[in-house]
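Here come two complexes built around chain A, the first alongside chain B, the second alongside chain C.
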Partner chain A sequence: MKSTVGTSAAGSSEPRTIQGVTKAGILVFRKTGALLPLFLIMLLYFSFATEFFFTERNFGTVTTQAVYFTIIVIAQAIVMISGGFDLSVGSNVSLTSIITAMVVVTFSGPGGILLAVALGLLTGALVGAANGLIIAIFRVSPLIVTLAMASVVSGIALIITGGGPIFNLPLEFRQALYTGSVLGMPSPWLVALIIIAVAYVVLYWHRFGRNLYAVGGNPQSAHIAGVPVRWTLFLAYTVAGLLVGLAAVLLTARVGSGEPNLGGQLALQSIAAAVLGGISLRGGQGVLWGAILGAIFLIMLRNGLDLSGVSSYMQMVITGMLLVLAVVVDRYMNRN
Partner chain B sequence: MNERAFTRTRTTGVAVAGLAAALLAAPAFGWQVESYYGTYDAGDKEAGHPAPSLTGPEIEQWESPTADRPYRIGVSFPHLRDPYWLAVNYGVIDQARELGIEVELVAAEGYDDITGQIRQVENLVNRGVEGLILASISYSAQDGLVDMVTQDIPVVQVINDIQAPAITAKAMVSFYVMGYTSGEFVAGDSDGDITVAFLPGPSGSGWAPDTLEGFKQALRDHGAEDRVEIVAERWGDANRSEQQSLIENVLNQFPNLDYLVGNAVAADAAPSIMAGMDDKPKVVSTYLTPPLYEKISRGEVAASPSDFTALQGRMAVDMLVRILNGETPGEDFPFRSGPEIIALTPDNIAEYTYEDMMGPEDWRPVTSVSAD
Partner chain C sequence: MTPILKASGIQKSFPGVVALANGELSVNPGEVHGLVGENGAGKSTLVSVICGATPPDAGSIEYLGEPFAPRSPREAYNAGIRVVFQHLSLIPFLTVTENLYVGRELSGGLGFLNRGAMRKRVDATLQELGFAHIGGQDRIIHLSTSQRFLVEVAKAVLYAPKLLIMDEPTAALNDAETELLFSITRKLRDEGSGIVWITHRLEELAQITDRITVMRDGAWVETVDSADVTRDAIISSMTGRKITAEALPPPLKAGAPVYLRTSGVSSDDGLHDLGIEVHSGEVVGIGGLAGSGIEEVGRLLFGVTPLRAGTVEILGRTYRRGQLSPGKLSRSGVFYLPGDRMGEGIFDVRPVLENTSVSALPQLSNFGFLRRGEERSSVRGFIERLGIKTRSAGQVIDKLSGGNQQKVLFARGMLTKADVFILEEPTQGVDVGAKADIYKVIHELAENGAAVLVISTDTRELLTICHRLLAVHDGRVIASFNADEVTEDRLVSAYFGQIDERETA
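Entry: the complex of A and B
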């Protein structure tokens, strides 16, 4: 993409430059579907619709809101690229939140916080690994497996808590993972940046990433080409579970309690964001930054609609219609 | 504006029925409320119960303030998808219009949308509202949010109890007292040994267990725990099909049941399920919904406590306006207050105003009010 634009510019031929830019635009459009134009339209609209949108305070609010969702969308994108879904991300968030909160309430001090984070991550990864194991070994539909897993995990969270929240978490936990900052940057922002960087390296510079795209694109061909399909699927769901666990730990610090229904509607929302970002529903296609952009888009859209005073009912209509549009564009781009 | 605008009449334990005369005067002179004064300390507080640091309850007459100027307030609900929250919406909006203040109201997508409510409140604050009315999804998950928001603006909790040490004031009733009122009715209405099946609602909710606890306490307080036997406690989501199955099963197990007590969805479903029975148990609800109002009027349901849902919305607006006027919660007006709960029966239901409970029947949700 870069070279196409660069060559045209160096040749200083105007028609070629326009041609190059057009090609680049088509490539970007193909990678992210309708998202980029929608994003630009959204920014333009809200800049006129509400005076509160482009403010420093709102930038901080949107960024913080986007952190947790972005990590979960990256997790969802990984399993979607492998050709599956994870409908258990919401339940995983809830269970991880409960476990983290219980540990941090039981064991005080920095050691307790570290233990809580470790067990939270482990919980998330174990749920993901259970999904991955069943899907990889038995070749069962990820839709059914993760839906069933969502039920199991939700049930466990409710059994542990009796349905109520776990509260009175130590202030230090909240300070470390929510209100605290490192080098002037809020700690959740920093964690998200690190995750994005690591995800980029793993997906595009590591064999796992190549295998993931190969398995998602065509598992049979991938198998013939020597890709360990089952291992790759297992790893995809485990890594996704780990990321969901991380987001859940951060969310628990944000809300300051362990909540058996913290995950709520994250499963479908994260799939929606990934699809908006150009991650194909058929697997094997889509890019990381598309998924990230999809997550930020949904958060920013809700933020802008809130700030503009659009009712909750109408917000549901708008986001639903945009998702339909994204799926139609996804279908069109793949057909062509 | 710092003069106390309340007339304290007497101190009492839990709410009692039979204050119809005072409530009848509600449209012109306010309404009867249970209030708690003093300083809020969330340390030893239990969900649904007043903080031990508060003093009360005191039965007094609620009086609305006037707004010093047209304030702009934000309101956050868990959702706006059933008659209960539509009633709160009516109370908030109508009171805001009466006081001439502006409202921006947001609603999350239900009781599993904790992060959604946090996001919406943050966005509301960024819109520059001067105060917030919060109906929290969770008892504890919004504590940090309240802590952050109250650094800039006051936050008044409405309907759903919240722990939040930084909360500015509370307009609510206790579901424990709702259950207690149902228990009082059963104890007073029955004679001799009777059997009761109790269907509280979802076991994990912040309200259903309180109704059962309150019901049992009322039986003890009225010396009826030995003759009133709770033969079944059946928990389940408060949706129609779940509650219908629970009722069918419990009736099969206990065909000679005397009272069926429980959540409004169960109480609403019960009369049609029992239509063919010769010896029907009496149905008592633990809270009121519009269809139950009709069924009580027709005598199909024996009783239901009303928390005067719409009035709670009005009180939250009044409290926030008082705070913005410069008054201090817990001193100049109650830190926590809610309408006094009464048991509606076919004999007394006509004495109360439907709009004070559930809002007008044709009410449509309103999310924004501008001061003209």
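Entry: the complex of A and C
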């Protein structure tokens, strides 16, 4: 067995570097299919079509937008790797937003903010856990379970608020979680970076990650190899719910109100981003950075389309078509 | 005489691997042609090219005297080529009849299915082939691995094939089923079909084949008349070395504790009052005919299918109905190698590394955090030790040849350092050389104090590696033998239920 280490060695000479870059390019292509070419086409197009796209300010805007979405796509990727998906992420965001806003409006001061964040995270995690429990115990289709859950959770959010938003959130809440910064970095960016780091460690350096891929790859083989299949599934949906809750809390701070419709199209969009990033719908396949890249891609696309004056209705059409394209590419790349 | 098939100079590369450097195969009508070579020699790839599933990089095929370049399996099928693949290709939730006609259903004038005609034809075929224990209306998921293979055979011969290729058809079959397949094959041959017979059970070559083609490292080595060669000659042209399949189990230590004991164990599917005892340091084999219940023993002991009655004692702990589960048993030092490699063994989309280490992760981590360096180096150690042909530990297991996938599953067990091993068909699809390696490893396990239970349809394998053999007949262990005191014939007649008083278990 020959070792293939060496191309990334430090102080490598010119051709080595080129080789390394080519290799990395091939890897990205293999893992994330059509994403890379699409990314390049998009960047090229927008840099010509709009003046504002390649500016520092727009970079800041895009990054901030990407933060929330990336966290949700990571959540979606986790359940997709386990062989399912979560159609309730959007509703979960809405409910969490309501709960967080209600708490923060009711209890003032730093204690209130902490409580609101905690209960927001708990709400997200509980919705995820409910999904996970049903899917793990009864081994029923995540499609139906999470679709039904989406309806239940949206309904609850609307019942609680009577349909309208919750206003008058304290300024400190917004300051802490949106406008504030730590060491010169906006706090949502920091949170996202931490989440990415933790997700990386958990997926690739922890047993849970291996078990997740195994369960998604072949649940029956996993069961027989001694992997705790049910527990892994339950954890996957719970952790995903927790992440979605976190994104929802951050989003609530950003929009400055509790919104029963905050989740909108997130379910479809997050699945589209994940699939574009090479997370297979058949489970057990795909890597974290692929999902992140997919998320950034969709956000940049939306930003570019906004700047070019494309209507949001048209953007829905485009997102839908991209999902179809991504699924087809996924199927083609992975067919036997 | 024009050969039915003549493939020459076939080349095929995959990223980083040359699967075929020079594939040659020529099959005459009325001939059974053996195709042999080590794991990863390129046999299945050659079949895949011939049946239109893989486009070759170079080379030519003549079929019935005409140039032939099938662009899809369907095209090859319509030309009269049938393949029984190494990996089962049946649809689990459909019935046998539906599977036999999938994609080519019989229908009446308006496109409505002619179920009656299909059912009749299938029942007649099953009858004619002698597969009395398989019903046309059985769903595939309810069949055992060997029955599924026979259904594949039935599917291939439903309409007389001109060329029938069977890729390791006997790997999952026991002796009686193998015999049955021989007679089916001979009948087809006498009717003028050409048959390609791929196998790692070399003793079959003398019994069934007329000529033999040997491949090594993706290239044709020689084609010889079966009558003119010995088994040893075949082995040395396959491997370029001599292999002694002889392997004696290590001597038993007196007073070794019992690691696995069952008493009065019954299942819902026909095992009764099963009594098994395996000591530390002992290799015990279980054999029996198809339908005798041996297919179920491993699953039952490992908690995959439920226990109906009785107790299982493993490593000092007693389990009753509802208490056995794969997770619990893995954690307490038991490893089970399933017989259904694709369905219950491998994670086809994951790399060799993860496939190997999956059961040993608890030992390879601290507080759940993996020691990846150690994991990688131990997996590499087993890749080397068992000669697993893979581009790297990071290669997706799906891309490995069947025998090499099997070796990965075996390595998975080794890595767990378990105390009790339940091995179901541990060497299915593995070549002669690797088989000898695996036998050696099994004996090392026993020598280091593990209890090993081998469930196998290969009687010779059981006789070679075990200390003690249990014959299962009709769901019960009816006889127990010391391996050095029993002949193959004796064992097989016990499988059929014929025993002497003193042999009673």
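The definition used in the following text is that the second predicted complex is superposed on the first by the 301 of 336 C-alpha atoms of A that agree within 3 Å, B and C clash if a C-alpha of one lies under 4 Å from a C-alpha of the other, contacts with A are read in each partner's own complex, and residues count from 1 in each chain.
FYI, contacts are C-beta pairs under 8 Å (C-beta built on N, C-alpha and C of every residue); 3 or more make two chains touch, one makes a residue touch a chain.
These numbers were taken from a predicted model, which means no experiment stands behind them.
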{"item": "Combined model on chain A where chain B meets chain C, clash or fit", "value": "fit"}
{"item": "Chain B versus chain C as contact partner of A:A225, first or second or both or neither", "value": "second"}
{"item": "First, second, both or neither for A:F234, with chain B first and chain C second", "value": "neither"}
{"item": "Most chain A residues touched (candidates chain B, chain C)", "value": "B"}
{"item": "Partner chain(s) touched by A:F39 [first = chain B, second = chain C, both, neither]", "value": "neither"}
{"item": "Chain B versus chain C as contact partner of A:G256, first or second or both or neither", "value": "first"}
{"item": "Chain B, chain C and vertex chain A (Cα centres) - angle in steps of 10°", "value": "140"}
{"item": "First, second, both or neither for A:Y178, with chain B first and chain C second", "value": "first"}
{"item": "Contacts of A:F297 with chain B and chain C, given as first, second, both or neither", "value": "neither"}
{"item": "Which of chain B and chain C A:R207 touches, first, second, both or neither", "value": "second"}
{"item": "First (chain B), second (chain C), both or neither touched by A:F85", "value": "neither"}
{"item": "After superposition on chain A, the shortest CA separation from chain B to chain C (Å)", "value": "36"}
{"item": "Doubly contacted residues of chain A, that is, touched by chain B and again by chain C", "value": "none"}
{"item": "Residues of chain B that touch chain A when the two form their complex", "value": "47, 80, 104, 106-116, 118-120, 122-124, 126-128, 138-145, 163, 202-206, 365, 367-368"}
{"item": "Residue numbers on chain A that touch chain C, as the complex places them", "value": "1, 4, 205-208, 210-211, 213-214, 217-218, 220-228, 280, 282, 284-285, 334, 336"}
{"item": "Chain A - residues contacting chain B, complex", "value": "50, 52, 55, 57-58, 61, 64-65, 68, 158, 161-165, 167-168, 174, 178, 251, 254-257, 259-266, 299, 302-303, 306-307, 309, 311-313, 316"}
{"item": "List of chain C residues in touch with chain A within their complex", "value": "302, 304, 326-327, 329-331, 336, 338, 343-350, 354, 357-359, 361-362, 365, 368-370, 372, 380, 383-384, 392, 398, 412"}
